[in-house]
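The two complexes that follow have chain A in common; it is paired with chain B in the first and with chain C in the second.
Presenting the complex of A and B:
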């Protein structure tokens, strides 16, 4: 049952034709996470947008967006489809991955399920390979408590090198801290030092050889280490996306030049 | 830097990558995935402690019953029946109260217009046409929706929908379709257009098309009120609620069976192929947030669907009134059309007016019954209509039998999807051909089944 005001009628038109997207936002925040971790609940709790949250996997097939205001600044929130990984095995994974890499949000909140942290961390580690500006939000802590699971959040934050915020979004617990952490990341007052997954020697050597050349091509805008991995893997979806991105960047810079000359 | 330069820059990189990793000899993907998994395990192991065994795993206990081989299907049907029973039993009284109230207002409106010395056609078009159609839509649709939506949302919020998918998965596999189709089908109960959009969760284009083409066979909430009202008409008397519930459940089960049968046929003919496998995660049951469920289902679903119905009902009411009151050769346009469609309608166990209502109801299935009531009232002598019993008399006066009600229910269940759904299918499939087929396949099936049922019944002398 997905019929809501948002999924059809004017909502669908807005989504389809990109209307209503010109709300000026100071920062863009992406929301990633496994299916059924309460990602949409976090989204709703933050934006007050009453997007329907259903308890079944694959509910968010589209990118939903909303915004909230914190200390006079507007934060635009993008709810990515729930995925288990970013290996682009499915459309949702590709959408989420492309957005994180090429959409370049100012910060990314990865929502994890406290009741099965281990499996959820896989996604967090993969997101950390793409972006350094992220916050880990461990949701459903109330449920974990009920199941007598205890998590040392400080230790987790120390290990991952990024802020970790425990929340129970359904009852609003921890959202204040989450908002603060996000603002800390986007303004740069919180420094992150994300954990880097080191692979076996041959792969690391290969990355080392390719990484500088990628930096030459894309500059600091995209994550060269991650791109190196994807290109070494000959991931055609990434290759196409990079090509498109380069073309777009090129158009933008030429456009700016022309304006300056005129 | 132009496009060529971009490509050459990227191509150099790719050549370099090929040299470093010739023919994928590094076995990169496997290695990357397994490294990430073991790191995640390490990190989680360091920070998570489990304090003894959790008391009782209620999720598992519930799942053992709700998804078991033996109790899976019965519990599913039972839950469905309970939801419908609550809807049928609860909707009756408010429905009649709304009808009485709204038609009282209609009389006052007419009096007001008379007092203003307005010409007769103003009263006809605006009050008897537009207002009356609106009143019917509201009184027939609002109460069932206001009860059905929160019930269904509650089930959804608790996490029952994936269990339905789990139970039906095997059947869909056997039909050559994707198991996730059971999820998109469940979405179709809310709205077929939303169900079609949800088909995006199915990756294989072949299976996605099957799911899109068959979504229409589960009744959306635009058709539930029609089905519920007709089921109520079919079994007047003491056992109304129970009997009506059984009929609605039967219709829904028949719709699911049709979905499976058509999926099977499509996967054997137009869309050949083997079903792909997938893993379905059963999310934990969660305590539904009652307040939020109710407000969301009322504001987001009920009022939204009602608004859509109202917007479609206004012009439809005007069209029906105009065609009933513009006469050509002494007979109204409405009667002309109905007479023209009548022989065909009779073959299908219905009549010309019913088919007319289905044709006019293309923009939104919700308005089929209101249009039919209006057409009958425009041609009949009855002017007061304030209860289900009166509705029954109106229909009986136009030659309805139990067969007419059954055939109309079947036709309503199976016929083409509404405009919105068709538009969504064309957007999602990007193909005119499949959109046309999405309308023609259900129409063909609806005609075949109604024809068979009607002819068998009259051949066997049941009627």
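Presenting the complex of A and C:
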């Protein structure tokens, strides 16, 4: 069961959320980050305010969707709700997490607040557990400079194993580099080696036992290590989401089988 | 109560009892479930430095500096966070 166009990227958004009919996109990029880190400023700066908001069915959370063109390719940007974590304490977090896990964007940009980096890195690590295709965008560097905060971006990138781009989206600083980094990730010219959080021995042993079984069930489509961790968390929302996802995949594959038989 | 290399004695108190302007480190989080999860997400783990910043006019909630951010906790939440306080 491989990844099909329908099961990933823009196909998944279309199926789940009924958007995207009017804009064709070559790549789908998700924007994640804590609240008030300037995610939407980055979004507007990249898309040039060429956005319309979409309402997720049955949810009160507003999401924005927009696009920009770089080297003749269309990138669709999805502005996820601001969250401190992906552990699904709230609807917003669940939306962001489900999108990153099941929507499988081609790349994820994690927007961090340079003035409060330590706390923001928590989310970056959580996103890194789900996907390897991410870029860390340290935003509000102008604000940090004013507060006399100095950040060693190269060291941060080396430690995290992913590209780190400093930006001040308000004044447009660093956006060019961000666009380049995104295109590097989606085309594969930039390779990432995200830092893996190691847990206690008992937990790692349990993951080792769960991971192969999960891989059997979901293949390479979902991140087995991350799912194992959520199972150990006994996170019912993840279990429900995976069951939904499996049901959808089954429908898809039986659909394909029927086509082949016909 | 424990003593560290001739330091002043470290007391374990709740975050709510930390005087304004004083620093302490988190010892443990007593909260459970979603509240606990939320506190961990805000960066409150054992060893995290916290500072009491100010008290609202009614005495509750209080504002704390945690990992560069200002966060307010109600009394019932702050009481579930135990801290090592050296009285500095």
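The rule we apply is simple: the second predicted complex is superposed on the first by the 227 of 262 C-alpha atoms of A that agree within 3 Å, B and C clash if a C-alpha of one lies under 4 Å from a C-alpha of the other, contacts with A are read in each partner's own complex, and residues count from 1 in each chain.
Basically, a residue touches a chain if its C-beta (ideal position, glycine included) is under 8 Å from a C-beta of that chain, and two chains touch if they have at least 3 such contacts.
Note that the structure is predicted; figures quoted are calculated from it, not measured.
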Partner chain(s) touched by A:122 [first = chain B, second = chain C, both, neither]: both
Chain B versus chain C as contact partner of A:210, first or second or both or neither: first
Chain B versus chain C, judged by how many residues of chain A each one touches: B
Which of chain B and chain C A:187 touches, first, second, both or neither: neither
Chain B versus chain C as contact partner of A:246, first or second or both or neither: first
Contacts of A:236 with chain B and chain C, given as first, second, both or neither: neither
Contacts of A:152 with chain B and chain C, given as first, second, both or neither: first
Partner chain in contact with A:143 - chain B first, chain C second, else both or neither: first
Partner chain(s) touched by A:160 [first = chain B, second = chain C, both, neither]: first
A:200 touches, of chain B and chain C: first, second, both or neither? first
On chain A, positions contacted by chain B and by chain C: 85, 87, 115, 117-119, 122
Contact set on chain A toward chain B in their complex: 1-9, 12, 16, 35-36, 50, 52-58, 61-62, 85, 87, 90-92, 115, 117-119, 121-122, 124-126, 143, 146-153, 155-156, 159-160, 170, 195, 197-200, 202-203, 206, 209-210, 213-214, 217, 228-229, 231-234, 239, 242-243, 246-247, 250
Complex interface listing, chain B residues touching chain A: 1-3, 6-7, 9-10, 12-14, 16-18, 20-21, 24, 26, 28-29, 31-33, 35-37, 39-41, 43-54, 149, 152-153, 156-159, 161-162, 165, 180, 183, 186-187, 189-191, 193-195, 197-198, 200-201, 203, 220-221, 280-281, 283-284, 286, 289, 296, 299-301, 304-305, 308, 420, 427
Contacting residues of chain A [partner chain C, same complex]: 84-85, 87, 89, 115-119, 122
Interface residues, chain C side, partner chain A - complex: 34, 37-38, 41-43, 66-69
